[in-house]
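Dropping the structures in below, format is structure tokens.
Each of the next two complexes has chain A plus one more chain, namely chain B in the first and chain C in the second.
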Partner chain A sequence: MRKLLIPIQGDFVAPRFDLATEIFMARFENGEVVGEPKTIIMERPSDEGLCQMIVEEHITDVVCGGIEELHYNFLVWKKVKVLDGIIGGWQMALEKALSGRLQQGEILQQNSDEPLSL
Partner chain B sequence: MMPKFVPETATLLEGIPYPAMILDDTFRIVAMNRLMEAMTGYPLDRVIGIHGELVVRSNTGNSRGQNYSRVLQTEESLSVSGDIINCYRRKIPIQYTISPVKSESGVPGLLVIAEDTSARVDVSKSSMRDFASEELIGYSPKMQKVFDMIPLMAHTDASVLITGETGTGKDKIAEIIHRESDRARFPFIKINCGALPLDLLESELFGHVKGAFTGASRNKPGMFKLADRGTLFLTEIGDMPLPLQVKLLSVLDDRQFIPVGGEKSISVDVRIIAATHRPLREQVRRNAFREDLFYRLNVLHVHLPPLREREGDIRYLLDHFLEKYTQALGKTIVGFTPGVMQSLLDYPYPGNIREMSNIVEYAANICKRKKISKEHLPPYIFEKQESEILNEEPEPDAPRVEASVTNIEEKRNGETGESWGAIERQMVVDALKEHGGNRSKAADDLGWGRMKLWRKMKKYKLL
Partner chain C sequence: MENNEKDKGIRILVADDEVEFASTLVTRLQLRKFQARMVNSGIDALAAIDEEVPDILLLDLKMPDLDGLEVLAKLRESYPHLKVVILTGHGSFEAGREGMELGAFDYIMKPVDLNRLIAIVKSACGDSKA
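The block that comes next holds the complex of A and B.
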């Protein structure tokens, strides 16, 4: 079983890893969420704190927006699969990540006529 | 009727020397220039129609477009500093400026400029400040104190008063404070308060409206308006006429003023740096300078020590100026003879750095050898030293001492007042005389080629 973490901001993947305070976490297997996903509100944004949480929670996959090289390398070193630079709604990012179709740096339009806005 | 010229947005954006983009009224990206594409790492065709902040990813408190909303509502530009994380995972410090714009049909939008300030931040990160590249050299404890104060003064908008003798580098410090500050992108305007008569100075500072006085054929914005959002450097503030001091004080208090002959007050956001070589406290005591203005300007005070108090710096500065002038002149002078070095170290430099620079420039021009020796220095240096030795004896009549010093000063000024052109002309004449008019030998003696000598002779009308 794998465990996915997405820093979010409202309906969106948080634009920045280091500024995110809402964290979505879910266990998944064979492209399906297992159990109840949870959302954590951090007391204050902290990239170090988030990295620590990822390690302590045994997260295997991270989907995020902008992340600094330092933290990206740390997570990769910790064997976490990181898909960063994602722009768009977190629900769609989750669906695509679970099905293995999400790509690094992907910009997710809800539909082609509907532009994204915060 | 001529057709109205409307520039194309994309072309206009490319003309901006910083990463820039245009957002519509819902903050979606409409256009961006190549610099913005390069900085964010996203090409326009991928992000068109996306909320600007999702692409820029700044930490400027704009995560939900709050700054964008504010600018759209108030229709006033906003400039904040922070950083972004681009798609290459690089954190880039930026100055984020958001300005309101309108389409031809009047629909509001935003112009967003994200200036990469890495260079500025890198410099300010180093704990030991190195201003040598700014030609600000000093290792003495007194100068280090000044250098330590620069970042502090740069990171506030409080008024700064720089005092110090003539030639100590007050202008340079003011410029550096501005350049290191958040106002660096805006104008740094310098005005000499002692150089202009009252009316002219008032008009220069505050501007005038058309018809305010004879000859005012058009509106003139004035230095305060020109320096809006930047820094106004008032040098020789101690010489500012009293009536203008009142007006300056009111501008500093209210941040607005009325141009000469105008009726409408103009609001400005200007940081003031003032400098003087006069003892301002003393002037306040003599009622030559307003006390309230003095306290208003003297929020942060930096005193530049005279060269004679900067033990250890003289040698560095001499080397620096020698290198500078030998390079400029294409010469190969390697240093000073020990005797000359001692004389230069002992000299009191009443004109401070400016005087030292002139002395070394003179010597570098005159010297034709590898090392600068006594005969290459301006003679007044030794006269002064000799007179000081004479004056070391107890002098019962103090005014006479003063008089003798004044005479030497006058003489010195007279000598230094001679331009380099006149000195060079005399050198050519002397060399020609010495060699009986033989140009080859004269050129040889001067260390020049025949062509150069001919050019100089033509320049000084010696042909």
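The block that comes next holds the complex of A and C.
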């Protein structure tokens, strides 16, 4: 079973990993969420704290917006699959990540499954 | 993540000097249909409670002016039935236990697991309405 973490801000994937205070976490298997997802609210934004949480919670997949190279490399070194540069609603990002259709740097439209073409 | 109809009326006051944390928590609680508002100091918490007594107070321990334990001690005199849940920083569960000795309903460590917090809130309200 895998475990996904998404730093969020309201209804959206948090634009910056280092400034996120809301964290969505869910276990998943075969494209389906297993059990009750968790929403964690951090005392203050902290990229180091978030990395520590990812390791302690045995997260296997991270979906996020902008992330510092240092932290990206750390997480990859820890064998975490990181899909960064995601812009858009976190629920759509979650659905696409679970089905394996989310791509790095994808911009998700609010009311459509299709990525925006720039 | 379903909301029980009776939860919609629960009035929650969040007292925490970490503005971003408090506003994020209030927003998430409002999304779950609770009536949540925030203050960012101990003195403001006491003033807000005098103005309108909430069903639950989520009280941070480390605040400027009056800290959480001082607020709690004052509330025990004037609002002995008010349910208080202590919010403590990572690793400072001793302070949370101290708060419970002063009459707090429960304590929860930061970072806060929203589902767990809501379970505590519902439990506290269930107790007070029983």
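As a working rule, the second predicted complex is superposed on the first by the 110 of 118 C-alpha atoms of A that agree within 3 Å, B and C clash if a C-alpha of one lies under 4 Å from a C-alpha of the other, contacts with A are read in each partner's own complex, and residues count from 1 in each chain.
One rule holds for everything that comes next: a residue touches a chain if its C-beta (ideal position, glycine included) is under 8 Å from a C-beta of that chain, and two chains touch if they have at least 3 such contacts.
What you see is a predicted model; the values in this text were computed from it and never measured.
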Key: Which superposed partner A:42 touches (first chain B, second chain C, both, neither)   = second
Query = Touching A:22, do we find chain B (first), chain C (second), both, or neither?
reply = second
Ask   = Touching A:85 in the superposition: chain B (first), chain C (second), both, neither?
value = first
Ask   = Of chain B and chain C, which one contacts the greater number of residues in chain A?
value = B
Task = Could you say whether A:65 touches chain B, chain C, both of them, or neither, answering first, second, both or neither?
result = first
Query = Which partner does A:74 reach: the first (chain B), the second (chain C), both, or neither?
reply = neither
Key: Doubly contacted residues of chain A, that is, touched by chain B and again by chain C   = 10
Query = Taking the complex as given, what residues does chain A use to touch chain B?
reply = 9-10, 12, 15-19, 65-69, 72, 84-85, 87, 105, 107, 115-118
Message = For a test of understanding, state which residues of chain C touch chain A in their complex under the given definition.
response = 1, 18, 20-21, 24-25, 27-28, 89-90, 110-115
Query = Where on chain B is chain A touching in the complex?
reply = 26-28, 41-42, 46-47, 49-51, 53-55, 57, 59, 63-65, 84-91
Key: In the complex, chain A residues that touch chain C   = 10, 21-23, 36-45, 49, 53
